[in-house]
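The same subunit A turns up in both complexes below, where it pairs with subunit B and then with subunit C.
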Partner chain A sequence: MIEPLALPLQTTVSALEAALLAFVLGCAVIAAVLRDVLGVIIAAAAYSLGVAVIWVVLRAPDVALTEAAVGAGVTTLLFLLTIAKTVNPTDERSLELPSVGSGAALLAFVLVLGSTVPAMPAIGGSPVTDGEVSQYYLEHAHEQTEVDNVVTAVLAAYRGFDTLGEAVVVFSAGVAVLVVLQREVFV
Partner chain B sequence: MILESLLTQYNYVAVVALLGIGLYMIVESTNLVKKVIGLNVFQTGIFLLFITAAYVEGGAAPVLTNEAPYVSPLPHVLILTAIVVGVSLVAVALALIVRIYGAYGTLDEDVLREVRANE
Partner chain C sequence: MSDRETGTADVGSSAGGRGPYVESTIIMTTVRVVAPFVLTLGLFVMFHGADSAGGGFQGGAIAGSVVLMLAFAFGIGPVRDWIHPGILLGLMVAGVLTFVGVGALTLLLGGNFLEYGVIPIYHASAYSIELIELGIGAIVVSIITGLFFAIAGGMEGPGAEPKPAEEATVTEDEA
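This part shows the complex of A and B:
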């Protein structure tokens, strides 16, 4: 393992990454404390967009595209349709701050989870990336599938059945929505 | 130690914070729509854990026309699947919420509990 003080090899937080994380966490906190649901949905959309930019910084362009289209786009649309069909609560309180009890429980949860953070590998030097499976995909994707984007190759070829299962989940969800809403067509 | 974590393991610190915020929204919000948004935030925290684990310092996106080294493609594929499954989950949850509103006329958890107790 890398010595904890061998800092030159490790990546430290850049200004861009720090700004993005601050933006994303800020949006999440705003979403958590606002009572106006429309405001929460807008904060969640901004949050999703920030997360999509983080995926680009972490060199995951496929995930970023999906997050921007599905997370910031489709999900936001679904939430907006829902409050258009239901209600946006209006009362005097604009903020929803944690009570003492829930604040303590939240703090305990974060501290327990946070105590595992120092045991994680430094960012950029994770053992996952040297794994046999990852390396196999990177070495053989081109000759076996003739697709240069390895993520596409894995999604559509190596783990094709997984993607079929995903399509089944989406289909089931579509049917479930129609059944729950007692309708026969979406539009 | 905390400062060192912030400098070299900042994304994992953010993961913990996002999981905390998401769980808080799921448990503490009385509005059902906000609970679903909390579910989304919690989920994205897990995604950040996976995508960070795939990252290689100085690595390129896993497209073979780029120069090696590449970041690991496998967590990206898993998270792509998870995003799509997540949106399916949100769609069904929101459909249930629309039906609950149709039946009870409220989306507030506390009011809903009272109405159901009086039935």
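This part shows the complex of A and C:
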């Protein structure tokens, strides 16, 4: 029933992955430099959708669903609501390029973050998929929790207390919004 | 796109006019066709999260986006009037209480917190996990729709004050 993760040890990037990464990167850059806020929101939604597809390619459908629903769907709608109060820039420029100083800071930030990439394990055969804990979950999740999706088994059973905390965090966010707005109901 | 341009013009000319909603046959027809399928997908992801990809968070977000879609297509005001104010708060609290309740039940039955096996029903663990996923889904649905309406209400600015009175009349009408 539970097949071990039989991903080949992957150190190169396939054409599909390269295309997806280029798409996501392009969307991110467009979202950063465009002046029209509606275009920025659309670019950000496309970015989230691209990331969701990347999660599917990396065989993480649970994360992909969350990214697509929250990142590309709900967040986009909330942003669309908020820009209704803004006005379009009147001048002709369509791009807002960063200044020299912020560009240099940006470059330094990218270099620092990029320097950590070689330290990541290759896809497949990493300590995560081959580790003792992961293998224990894969082997025992079905008999111990009676659910087939190991992600759900970890979230709701093995790490159930953590998930309760997360659910309460979402609940608290709603309560906090009501407190800040000094209202008793949402609608 | 035309949504926003008209909305901006409205805000510019008359402060807090009609807001960003523009009636569009294309959007309304699309949402009318798509919404039942999206809601079904959301419920499927929520109920079937134990055996396939998904779960309460994902299913709740998808199901919640149905309400957002309806609000975009048919106007925020009518959808807000259609939702009883108590429903969102009730869902929110019920979700947390479901989760805590299952944990408390396992404690009362002599097990550890959330040790589902001690509940004396058939496939206790699987059903408890499903129940918890539904609780999480209820929290996420209510918070997403709640945040949406809170932001939309904030957009009305000074006009937000008479709203509690409006709601009061609505609830009285329904009751």
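Keep in mind that, in the parts below, the second predicted complex is superposed on the first by the 165 of 187 C-alpha atoms of A that agree within 3 Å, B and C clash if a C-alpha of one lies under 4 Å from a C-alpha of the other, contacts with A are read in each partner's own complex, and residues count from 1 in each chain.
Everything below uses one rule, namely that a contact is a pair of C-beta atoms (placed from the backbone, for glycine too) under 8 Å apart; a residue touches a chain by one contact, two chains touch by 3 or more.
Because the structure is a prediction, the values reported are computed rather than measured.
**Student:** Touching A:Val74 in the superposition: subunit B (first), subunit C (second), both, neither?
**Tutor:** In the superposition, A:Val74 contacts both subunit B and subunit C.
**Student:** Examine A:Thr145 and indicate which partner it touches, taking first as subunit B and second as subunit C; both and neither are also allowed.
**Tutor:** After superposition on chain A, A:Thr145 lies in contact with subunit C alone.
**Student:** Regarding the shared-chain residue A:Thr163, is it in contact with subunit B (first), subunit C (second), both, or neither?
**Tutor:** Both partners, subunit B and subunit C.
**Student:** Would you check which partner chain A:Ser134 touches, where first means subunit B only, second means subunit C only, and both and neither mean what they say?
**Tutor:** After superposing on A, A:Ser134 lies in contact with subunit B but is clear of subunit C.
**Student:** Just subunit B (first), just subunit C (second), both, or neither: which does A:Leu155 touch?
**Tutor:** Touch partners of A:Leu155: subunit B and subunit C.
**Student:** Figure out whether A:Pro118 sits in contact with subunit B (first) or subunit C (second), or with both, or with neither.
**Tutor:** Touch status of A:Pro118: first partner only.
**Student:** Report for A:Leu181: first if it touches subunit B alone, second if subunit C alone, otherwise both or neither.
**Tutor:** both
**Student:** Between subunit B (first) and subunit C (second), which, if any, makes contact with A:Val87: first, second, both or neither?
**Tutor:** both
**Student:** Name the contact category of A:Leu25: first (subunit B only), second (subunit C only), both, or neither.
**Tutor:** The first partner, subunit B, only.
**Student:** Under the stated touch criterion, name the partner, subunit B or subunit C, that contacts more residues in subunit A.
**Tutor:** Greater contact footprint in residues on subunit A: B.
**Student:** Touching subunit B in one complex and subunit C in the other: list those residues of subunit A.
**Tutor:** 61-62, 66, 70, 74, 78, 81-83, 85-87, 148-149, 151, 153, 155, 163, 170, 173-174, 177, 181
**Student:** Which residues of subunit B touch subunit A in the complex?
**Tutor:** Touching subunit A: residues 1, 4-14, 16-25, 27-29, 31, 33-34, 36-38, 40-41, 44, 47-48, 51-65, 70-77, 79-81, 83-85, 87-92, 94-99, 101, 106-108 of subunit B.
**Student:** Inside the complex, what are the residues of subunit C that reach subunit A?
**Tutor:** It is residues 1, 3-5, 7-8, 11-12, 19-20, 45, 49-55, 57-58, 61-62, 64-65, 68, 72, 80, 83-86, 88-89, 92, 95-96, 99-100, 103, 113-114, 116, 123, 125-126, 129, 132-133, 135-136, 139-140, 142-155, 164, 167 of subunit C that touch subunit A.
**Student:** Applying the document's contact rule, which stretches of subunit A touch subunit B when the two form their complex?
**Tutor:** Within the complex, subunit A touches subunit B at residues 4, 7, 9-13, 17-18, 21, 24-25, 28-29, 31-32, 35, 37, 40-41, 44, 47-48, 51, 54-55, 58-63, 66-67, 70-71, 74-75, 78-79, 81-83, 85-87, 89, 96, 98, 102, 106, 109-110, 113-114, 117-118, 120-126, 128-129, 131, 133-134, 137-138, 141-142, 148-151, 153-155, 159, 162-163, 166, 169-170, 172-174, 176-177, 180-181.
**Student:** Applying the document's contact rule, which stretches of subunit A touch subunit C when the two form their complex?
**Tutor:** It is residues 38, 61-62, 64-66, 69-70, 73-74, 77-78, 80-88, 144-149, 151-153, 155-157, 160-161, 163-164, 167-168, 170-171, 173-174, 177-178, 181, 183, 185-187 of subunit A that touch subunit C.
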